[in-house]
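In the two complexes below, chain A is the common chain; its partner is chain B in one and chain C in the other.
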Partner chain A sequence: MAEVLAEGYNVFDTAKSPSGTIKYLSAPADVINLIKSGKLQEHILLVRGGTTTFLAPALSMGAIGVITMSGAPESHLGILSREFQTPCVMTAYLTDSDSRYVVGQTGDEHFEEIAKALDGRKVRLDCTDHEVGRVVADD
Partner chain B sequence: MTAPVLDKTDYDVLNVVALKKMVAAEVVAADTGTADVESVLARLEERGLIVVAAGAAFPTDDAEPALAAAAAHHYAAVREDAGLAPLVDRFETVNAQFLTTMSSWQQIDVGGRRVTNDHSDAEYDGKVIARLDKLVQRLGPLLDALAGHDPRFGAYPRRFAAALDGIDAGRHELVSAPTLDSVHNVWFEFHEDLLRTLGRARVE
Partner chain C sequence: MTTTEGKRATYKQRYEEGDDGLRFQDLTYVGNFHGMEPVTDGIKGDKMMKARAKSGVLEKVSKEDVLRDEFTIPELNDLNNYLAWNIWDVLVMRATEGVSGMIPRQEYEILAFMHEFYRWPEILRMTTKEAGGAQAIMDIGASARRGIGTKVNAVHDWCIGAVGFGMGRCGLLALEVIGPDDYIGESNEILKFMQRILWGKRQDGYILNSQDRYRCRIHEPDFLSQITAQIEPLEAGSPKHAAFTQFKVAAELLSFLDHYDCRLGLGDTGPYELPDGQLLILRDLFVNEEVFHWSDVCDDENLPHCYTLALTIDPEKMGLNEIRVNDISTTFTRPKNYIEAITGGAVFAREKWNTPMGEVYPIKVDDLGDHLGRVQNATLKLYSKTARMNRRDLIWNGQYVYYVDMILPHMRLAGTYEKACRDYDLWEIDQRVANYYYDITKRGFAQETVPSKIFSGAGYLPFSEDADRRNSKGRWL
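Moving on, here comes the complex of A and B:
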């Protein structure tokens, strides 16, 4: 069985299982550059939070999958991902790390650890479970 | 050297670009009522606050700090309005209820499992719409108070009313469609606008 790199909340059940190289987006400029590059659909997008509002253009331009490191499925981004039917794993954590996101108590190192481990990895999202969304190695 | 604070026209235009994240010039003109929006957008692009790509304006990374600095200047009186604070605190509660309601529009509970709402149950949908309507009405006092400081806030009640009228007329896509001026989009923009106006951070 393929290695599960990270798990989080599955925003909605879907048989869609997008595959792509993870791209960490830290600022609006990253989103604009990705859209301009014409390679949006080659990537699973990794962002820090469910309130990362700069991701909206990427979703409307056809992003194939999203992973967040904080935030709840009820948040704005969760609502948008269901509207666009873009598979989305929220508040993902690394399965080989003990670090977990806790609202208001999580330092930068938690996010940096995840971004460092996942950015550039070829993965597939498994969003078939009604609670857990999985980021599976696909390289 | 610190860049000069955006004047109110530039603020209003950049604010709309930042709220919508990706927007055509015509929409900005319609939303702000700015006569020569093209020259304002050109000026903002020259200052590195927006980029134009794929026929739309996007905010750059410098847009938020510039807006924050200008909001502190233009909305100093709003921030000192003691009457506003309790209304804003109430908004946070209403906002949480709104997000839950929006999720219950998209998904229904079947035996403890959330599944996509196929909108075949008109009674269920009707109840969610009635709840949304009530939540929008609860924003009334806050919107009125803000419009007393800056008339541009008067656009929100008009946009909410247009979306709700459309829903009443059977256009249910106006509840949450991200590509229309839906209740969810208007609410989301208002929330961001409110936080920026008051200089508050978003709660995760």
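Moving on, here comes the complex of A and C:
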């Protein structure tokens, strides 16, 4: 049984199970640089928010999978990832940590912990469950 | 299909009188009903809210009711409570989305809410007068029944009352700059305008999709038949299916981006059941709004004001259990993934907001490649442009998207947009709101209060039962 590193809301259930190295994107420049690198489709994208604009060009250019640290399927990024059929796990939390995202009450340390733990890991997204999306180690 | 193989569609049960619908979320709503059973989302929640109303305003109302000059206090309170629940119903989960990383949306939203509550009443009053009275406003709503590519749609019409009145008043109450019985006359002005537009559009006595089990079936049958005649069959997995869905999402993305990550750029109507059992959704995607200066990149790519997509969904193929076209014009289904159940599609383009319907033209699915490239180019250019903007510009630009665009379509059709710009300084920022810019980042107001008060439905205080309907704000103390 592969190790489940993180779980969150599954935006839509799909048999697609993209695999790639997690790339944490913290600023628009990161998004633009990734696209320019030509390696967009080698990565599962990790972002903090659940809005669409930040990831707009990445979605448009064919991102294979997305993990967010906040938001829900009803958030704009949730809606768009469903429309793009890009597997997406939202408000992901680390399975080996007690830290959880609470609207308006979560400090930077929560997001930094997740980014530090996941950035650079080779993973696969499991989005077959109706409600729960899983980030599975694929090292 | 993936995990729904073999399941039968049950969505029609949702339209049976005794059915309470499915629950799309575990959370419940309390609002002003402390000590009572919490209210659920969906059809059951609508029933509970109607049952708690003290007036008949949430039931089907007559044309005479709508033409009446103002609401009573019980009617205002019922609308306030219902809109608060409706806002919670559609936005409580969205509100968990956190920071954008690009556009400070919570900040621009709260400024726009408050600006609208202060500034819209006199503009809407002027628009009603210039248009020729209440009936003319209802006629503007009715115009959507024979149109596509029009922003007189669910989300804009809902925003008049839910955002301009509901969220605006709620935000100002939370900021403690108004009291519950201030601006009652202005509240009436906003809500009457909303009711007239929505009633004129729906023509069934209701004003909101949630009152009708989340249906927005507004188009006339003969108009719809012209649309469906253009639909091309799309087989899942085929290049044509891929071309259609790829264009659809690219245009959806640009619609969000051109409207600063908000839903004013998208508008769904439906579901319409077709004779063959398929469900039709019409989706307007406004990819080039000319009043926004940043839309110059969309002009550069010769993009039309709006693409309209007609898409048919096979409910049996996905084992559809419930479909909601909610009041912010967004379609949600259970199961969640309807994309693979799309069986047909058509695309139309409306060049300008006032292009006559007779000049709206279809685009064959095989010809979408050129449009897709231009939409993607505009998206990249707009992203690059937006990424270079400073925080203040982003916030005020976003504020304008809400404050102007939410009533822009109604002013355009009433012929009052230019007058609002010239005589009412529409594009100026009210001094009060300009000052709130500095308040909203203190004590986490935008990041915490907005979700906890506005999207949770907790801060929509009622008007006093004996309050005077003529109340404005008598004192600043």
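As a working rule, the second predicted complex is superposed on the first by the 138 of 139 C-alpha atoms of A that agree within 3 Å, B and C clash if a C-alpha of one lies under 4 Å from a C-alpha of the other, contacts with A are read in each partner's own complex, and residues count from 1 in each chain.
Convention: a residue touches a chain if its C-beta (ideal position, glycine included) is under 8 Å from a C-beta of that chain, and two chains touch if they have at least 3 such contacts.
In this text, all values refer to a predicted model and were calculated from it rather than measured experimentally.
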Chain B and chain C placed together on chain A: clash or fit? clash
**Study point:** chain B versus chain C as contact partner of A:28, first or second or both or neither
**Key:** both
The answer to whether chain B or chain C touches more of chain A is C
- After lining up the shared chain so the two structures overlap, which partner does A:2 touch, if you call chain B first and chain C second: first, second, both or neither? neither
Give one of first, second, both or neither to describe whether A:137 is in contact with chain B, with chain C, with both, or with none. neither
Which partner chains sit in contact with A:128 here, chain B, chain C, both or neither? Use first/second/both/neither. second
> Once the shared chain is lined up, is A:36 touching chain B (first), chain C (second), both, or neither of them?
Replying inline: first
So in the superposed three-chain picture, is A:15 touching just chain B, just chain C, both, or none of them (first/second/both/neither)? second
Note: overlapping chain A surface for chain B and chain C spans 12-13, 27-29, 31-32, 49-51, 53-54, 56-57, 59-61, 70-71, 73-76, 79-80, 82-84, 103-104, 130
Per the touch rule above, chain B residues touching chain A in the complex are 21-22, 51, 53-54, 58-61, 63, 99-100, 102-103, 106-107, 113-116, 176-179, 184, 188, 192, 202, 204
Within the complex, chain B is touched by chain A residues 12-13, 27-29, 31-32, 35-36, 49-51, 53-54, 56-57, 59-61, 70-71, 73-76, 78-80, 82-84, 103-104, 130
Chain A residues touching chain C in their complex are 11-15, 25-29, 31-32, 47-54, 56-57, 59-61, 69-77, 79-80, 82-85, 91, 101, 103-105, 128, 130
Chain A partner, complex, touching residues on chain C are 2-4, 90-91, 93-103, 105, 245, 248-250, 252-253, 256-257, 260-263, 330, 332, 335-337, 339-340, 376, 379-380, 383-384, 386-387, 444, 447-448, 451-452
